[in-house]
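Shared chain: chain A. Partners: chain B in the first complex, chain C in the second.
On to the complex of A and B.
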């Protein structure tokens, strides 16, 4: 039977065409734009070479801050969000009454959009009427009350707390799935040998969760670098640009200040950072993985 | 055979879980309480107090003045077109890469995968220019096209993986029965892939419903706004009317909650499949 050579192309054409149009070609054009100074409307663009990149690295006051915020966010996600998710998964990985209910409850905030989460938490942090300051006053801790989202030193962390509420569901279910692939036999043997729960965790659970860990870490790192919705909708990058991340700063530079070249350069930095982190990570983890 | 555990351990675990569950519920309960109060009630009475008199019309007002129905309609139209269409496109491509004689299959797969590392920011300006030039800004087709594009890498990752796990014997049996590629695709491979497709459907639907950045850039006309950008506009307008605003938030949460409760098992089980590699 003759296999026509063009038929596979026909099947793959819609996906390929849309992919090239929406992702591939625009990214290449953004790279091109990053070497120009342009306001988005003027017919002429001025070629400036690497000036935009230099500008960001050495003159821009917000760019280093945004970079640092992304780093803080990533570290916080890997420790707190992933850590709490793991803890919940470990606790829920047993025959427990109401297990499904608990799981559903902790996962639910994850299905809400960043905007909804932001709106909920902006109200929680409201200085006059929000939950936190009301609760602190009720507990007699008035001098702990703050304008949570208006103080540059703590605003990012306030937003991050919302991110924890929003985010732990995802690592939780991923770890739960991974835990369920671990058989009971090693544990039974270990208990016979007198192993304590902490030892069981260290020598059985953790090693056998390695594959899941690899995936969850990768997902967590990539989404930390791309974070946008929550920050934009809770603080808009403020107060005093203290909560900007790369994604939000790019938006402001491009669509508020009309610095297309600078915004494009920030986008390129985003791609670069993602690749620099992910490619060695994938290489390293797939190499060491037992096949 | 479940290993026996010390009852104290079990009790502590329950306690911790219940405590955490309560903490997790606080934001939602606080929003609900605020939504059900009147503004004067909110001002005068303690925050933990039950509403004096439940203000059901807060919801009606939020719905009308916030145009939430319009925003939800737009989001629904976009999602219900984009998601099935996206799955079809991705399935066709995955089929070509796994079940057809296709020299470029692996290379193209790598090409698609690279797209997962591209943040949306890197495409916004050129896409904006493109959509403006083709008159697709503020239209359903325009935003659907963009959404389709960004959904392709992940969809191919999932479906290609699943297709590869379907045994080749089935293809051979189909061949003997005289089934061509199109027949094989629609009548054998697709039905067999229903678990993966159902999972992809739920995830893609959720992602589309919650999407913000692209909607923010490519939809600027209020009548075309989605629920995410619409909610932000709503928040801007009613930022000082706290009870109304929280009613609006609660209304936005309800459809998501309904879908979530109905399809919970798909949300969770789907991720399980991806972890097993």
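On to the complex of A and C.
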């Protein structure tokens, strides 16, 4: 009887050890560092309590902007990237000629690294030699040409367009996998009952894709909160610090300015925001799940 | 049969593991020189130093006891990679760095070897330019082997000037007149990008020198004078004026130095603010350096800075000796002369300048009249970032020049409050 009480712990011990080492301990250490003023290499750290957090909230002009940009990015990801991914999955789930080729074409951008995507799109956005402005001039729309990455009001959205191109492949593939697990019988019965395509989508497809939605929403939300490479490579957080997100500002604070405490405090904000959103969402959706 | 098969797989896996582990320790390669007798010196350097591959190959072929392993990075990636490595205690044995606050971080935190005694022993004051030695010294300790001594000033495309019948300006009014003339003829006057911040900053600091004079400029760099000063406001006003008049490339705040300078090489832009390294970059890009000239921005002093090879403070005596050998080799007269087309402006004395670098000597001559440390090395990095932000926001109409000066002053005060 005593042996069986310890057995479950023996089984989870390897995974627990990895989780503690790779996730919990570094996170706890980051929390600890967020209460200090430290440059990352000096032997002594100066305890400052909540001063780093106060600095971010009341004195740092970039932090509120970065936070807002993260929220915009998350909203955009959940609506546009997921929405377009779902739409492509629905189209490619039909029997149409060349669907395997199209699946590959739409998925291909997702396998490119963020730096490659950024390099391609920076050149497309180049105000003098870029594809977009040349195309607009060719169409007689010179008035629409812009310095896409140089205007604070549109730079973030210009980068986000690149993110859509890069990111839509992942939800597309996940939704496609989910769609292919849905049997045809409910659709046949619905057709017999006279259901329109929109009604079939609303009352059959969406409910049966629930499990897939849980996964896609969680992955999309987490990815959007930690976006960094596209921002860094396309704009460096500019122009005028207008496209910084929490991850890029955290990187600047930690590795450019050697403010480890402030960088750690930003990462704590990032964890907090992600947990506030993800934990209730996963709890609610898994309660409703039939799994 | 299942049990013997499992045992065989287990034995095979163990053999592979053992082979993998043993291959990292003391195998004797062909030629009889044991790897354990060879000291490998890791070196991080920026990726436009085209001479390094040839020099390292020469060295490795000539030495059985020391081997150089080079890793290359872009300008900003190297700055960040070094900081990451410093934080994670994974700095290489040697690394390229700029002077000022970019290089001082490692010296001030005890991460670099103190080379003062070695320099005295090996008479480095006879080998290297004293200004470069001074700029590689922090807190009285020599913290790097001097590599480059750079001067930065105005470059122009000769064919554009010939086409527009212009000659290099000798006054500020002349300079501004030429900017308008060039712009009127559909050519970008100043190929400067704002994305990195430091490219446009080279003009900003010249304007500060012009409007504020040498004394105020130096005090601003040392954080001993208020940045909320009329000279600083005038500087930002000029940046705004030049941006509004279209003197910079379209969307310049989002263009990096590489994109900007790619307009200058084929003479799509008339001028830029670059340094003694540009001749070799022009040649590497497939253009003729003789088609470009330099002139003094209408101030007395030039922007100058040194570059050095710093050495990891944690090396044991044998590895330190190997690193010193490597550093002295890479900055030796023989190497500089052999690769003088692509080496850049050496801190090494008594070297021959290449005919393919016609603008180096004129730039160095201008710098003999006096120099100020380039601003992104003179200022703390947080204050530098605020300067970059101010440059952008003034151009984008988000800040007035007065607001930009006030923001700089606040950034300085915040920095001093935290230090």
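By definition in this document, the second predicted complex is superposed on the first by the 265 of 291 C-alpha atoms of A that agree within 3 Å, B and C clash if a C-alpha of one lies under 4 Å from a C-alpha of the other, contacts with A are read in each partner's own complex, and residues count from 1 in each chain.
Just so it is clear, contacts are C-beta pairs under 8 Å (C-beta built on N, C-alpha and C of every residue); 3 or more make two chains touch, one makes a residue touch a chain.
No experiment lies behind these values; they were computed from the predicted model shown.
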Fit or clash between chain C and chain B when superposed on chain A: clash
First, second, both or neither for A:40, with chain B first and chain C second: both
Touching partner for A:223 - first (chain B), second (chain C), both, neither: neither
First (chain B), second (chain C), both or neither touched by A:113: first
Which superposed partner A:285 touches (first chain B, second chain C, both, neither): neither
Chain B versus chain C as contact partner of A:257, first or second or both or neither: second
Which of chain B and chain C A:19 touches, first, second, both or neither: first
Touched partner set for A:30, first chain B, second chain C, both or neither: first
Contacts of A:93 with chain B and chain C, given as first, second, both or neither: neither
Clash with chain C, by chain B stretch, listed 59-67, 149-157, 221-229 or 257-265: 221-229
Where chain A meets both chain C and chain B, residue numbers: 40, 126, 251, 254-255, 260
Interfacial residue positions of chain C with respect to chain A in the complex: 76, 79-80, 83-84, 86-87, 105, 109-111, 194-197, 249-255, 259, 263, 381-382, 385, 388-389, 392-393, 396, 398, 414, 418
Contact footprint of chain C on chain A as seen in their complex: 37, 39-42, 59, 125-128, 146-152, 155, 235-236, 238-241, 251-252, 254-260
Of all residues in chain A, those that touch chain B in their complex: 1, 3, 7-9, 11-12, 14-16, 18-19, 21-27, 29-30, 33, 40, 88, 91-92, 94-96, 100, 102-109, 111-116, 119-121, 123-124, 126, 129, 131, 134-135, 138, 165, 170, 173-174, 176-178, 180-181, 184, 187-188, 191, 197, 211-212, 215, 222, 225-226, 228-229, 232-233, 246-247, 250-251, 254-255, 260, 263-264, 266-268, 270-271, 274-275, 278
Residues of chain B that touch chain A when the two form their complex: 1-3, 5, 9, 13-14, 16-17, 20-21, 24-28, 30-31, 34, 42-43, 46-48, 89-90, 92-93, 95-97, 100-102, 104-105, 108, 111-112, 115, 117-127, 130, 145-146, 148-150, 152-153, 156, 175, 181, 185, 206, 209-213, 217, 227-229, 231-232, 235, 242, 245-246, 249, 252-253, 256-257, 260-261, 264, 267-268, 271-277
